[in-house]
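Next up is a structure, given as structure tokens.
Just so it is clear, A, B, C, D, E and F label the chains in written order, and each chain counts residues from 1 on its own.
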């Protein structure tokens, strides 16, 4: 079976619009005069082939993207873009912060700090009021209660 | 408010059991004779403080962890551990592959290939039969139909 | 203008055959049972879109790829594959070593050493006899003569 | 055989002038007051030992350097310097863009995008008019014709 | 034995004050409104658990931190913070430069150059007059004399 | 002033013997047949120019090197070599572990775990009996006492 390349471009643009919001084509335009093929491939491959895949809903996909870009720690503009993208597809601000906080374990505090500041910048640019939920040191009473219940219990893996 | 450190350790162990499965304490044991404090901090900080947080359910948390470790591309043992962990908390094998495939866009094909082979190894070790769903080039008919419907449509961000 | 996706796949396969040699499809086959779409995208995007581009001849393209993978220092299997690929498209073994040695300046000696050992392994697997040209410390007489001639001379940039 | 260190310095300066152009000593000067030995070693080791090597012509060497720095994605000032250096030794602007585009395959789109924007900045600072050649999706007619010719054909490796 | 989490926080703050100096809480404050738990964990884990450990004196610990952040090359704000921290705990400016220069061997000149410029910025912000000791090319007479004495001599390892 | 390149080589070999111990030339020999100039530059630049510098004693230099290689997380053979080197120049095994543990803060637990396992391997190969000192959670009584004493106290920076 063959499909036309142009339908792939169209599919990519449709996903890109969901992630990029009203200014979805700003990155494409800034690539246009220096590397138009990179703009085209961003749409066809990045969005048309990868971000449009099923198997993960778009919110989970954006959270995974944010988690990875925060951990990589060398792509701040793209991290800010995908934090905004996560908001655009309906992720909670707090979920975005949680996805970034994970990197404290596997990529270190500098990556996490810089990731969190990227989120702060994006939230502020949108005038988004964000009230972080502080967790008491060591887990709260409820969690410790759950811990007691869960002790010795192992979730049966499905596979 | 003060909570005891030992309750944090217990909370961490409970989460670790869910992620690590029946051999959850293997990494801890191998650290024990060389750096026991690192074993303790893995439990208290890694699991007690971070992986036990609310705001992301445990499945999404594992998918984000897999996505990030695949993209970082320098922690293969930990990637295999968390791929297994994702299965342990109930993630679909196909969702794990999807989380890894994302890295083709933001970390490159070597990272993605090595990540996918890590998953293959974990799946095989479990005797897990995995039937990947192949997507036809350019998106299938349904997707192209959806693309036509979605064209020009931008999801209203909630923020 | 629309082109079919299948022609892109064919173009990619043709380039891949030049780079991968007689066992060009080994990486594709090992991806097939775990992530067939990644195999397809390796061909369509990696080779059909990028490695098939004009503007750099295939030898220069392979040398740049080797230089970059050596500097990234986290993709040894892919580095070995592209060192073999550089030989396949006709690069001199000594040029490949030179492309790796560059990383001593911008990525450090561990990256360079691991890159050079990857080349050693590939060369040995092919039974390739390699006689490295040793350069005397500080440049030889000819170079120092050239240095004297060149002193104070700046190549006129074309741009 | 012994050669004096000073002749190595002179050789390095000669290469550095070719790469760095009229302001070749700007980086050296800015290092002078904080780490003069790093300035000296940049010349002696970086240029006198490595960039002056034979086996790769200076243009290919610069393209490999640009490809690697773009892929490493954590050295933007040095990437800009070596993009300018590639122009200084006579590389075509389009070849520089091609060397950067490779990183889309092995280092991901964020690295590529940031690399391309670095080139855009360097080109603009020089008032260089750059007309990128857009390649149609899926390869043009000529390429598809070549693909037909090449099909099933494997370049005989020289080694 | 159980200790309270609050004593860990207090211990962390005490170390953080030594490293961070009079404005030690600036990073904590900027995290407060976006991720207060990350601020808490920076104190409890980063300083209370790790930086407060014995086995390395605080100066050596800061030099190791500076060496590592310079080599990682993707955490410039944190590198500047810990260069200042190294000064705060009494490290010589020249020792800090030396710790950064090491990265020329294992992480490459771009990392080293960017690290040295970070130090330059921190030193200048403090009005610190720094007179780098230039080492003549190839080692001075004394070193060469020592080299003659040391030739063939291997330090007996203690282990 | 000019010094001969050969004296630089001799100086480098003398330092390399101290770091590398009785098998100090093993890495050089394995480079000899593939890239002899890289072997020479390892000695002249790596050891003759950088590792021989004054300003840091050799033990601190090795600890900084270990800390950085552990944090970089992509050079395991070199990390093992320099862990052995740290022992060779007289560092305590516990100090080496401490230098690696730092990376838990700025590079994440995978880097730290892999670094600690590298140390375990080196220690075992030497038959070195290592008894890690476990620190109780939250700091022991003495530390908490010191914390009380130190509270509100800021070390006067010397600069």
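Methods note: contacts are C-beta pairs under 8 Å (C-beta built on N, C-alpha and C of every residue); 3 or more make two chains touch, one makes a residue touch a chain.
Since the structure is predicted, the reported quantities are computational estimates derived from the model, not experimental observations.
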Smallest number of contact steps required from chain A to reach chain E: 1
Rotation in the CA alignment of chain E with chain F, degrees, nearest 5: 180
Greatest separation from chain B - chain, by CA centre: D
Chain E against chain C, contact positions shared by both copies (same if over half, else different): same
Geometric centre distance via CA averages, chain F-chain D, whole Å: 33
For chain C paired with chain D, centre-to-centre distance based on mean C-alpha positions, whole Å: 14
Sequence positions of chain B contacting 2 or more other chains: 2-6, 8, 37, 41, 45-46, 53, 69, 71-72, 74-75, 78, 97, 101, 103-111, 123, 135, 137-138
Residues of chain C touching chain B in the complex: 5-6, 8-9, 27, 30-31, 33-38, 40-42, 44, 46, 69, 72, 74-75, 77-78
Touching residues on chain E, where the partner in the complex is chain D: 73-74, 97, 100-101, 104, 108-114, 116-117, 119-120, 123, 130, 132, 134-135, 137-138
For the chain A and chain C complex, residues of the former touching the latter: 2-6, 8, 37, 41, 45, 49, 53
Chain F partner contacts - residues on chain E that touch it in the complex: 1-5, 7-8, 10-11, 13-14, 17-18, 21-22, 24, 45-46, 48, 50-53, 55-56, 60-61, 63-72, 75, 78, 87-90, 92-95, 97-99, 101-107, 126, 128, 133, 135-139, 143-144, 146-148, 150-155, 157-159
In the complex with chain A, residue positions of chain F that touch it: 103-111
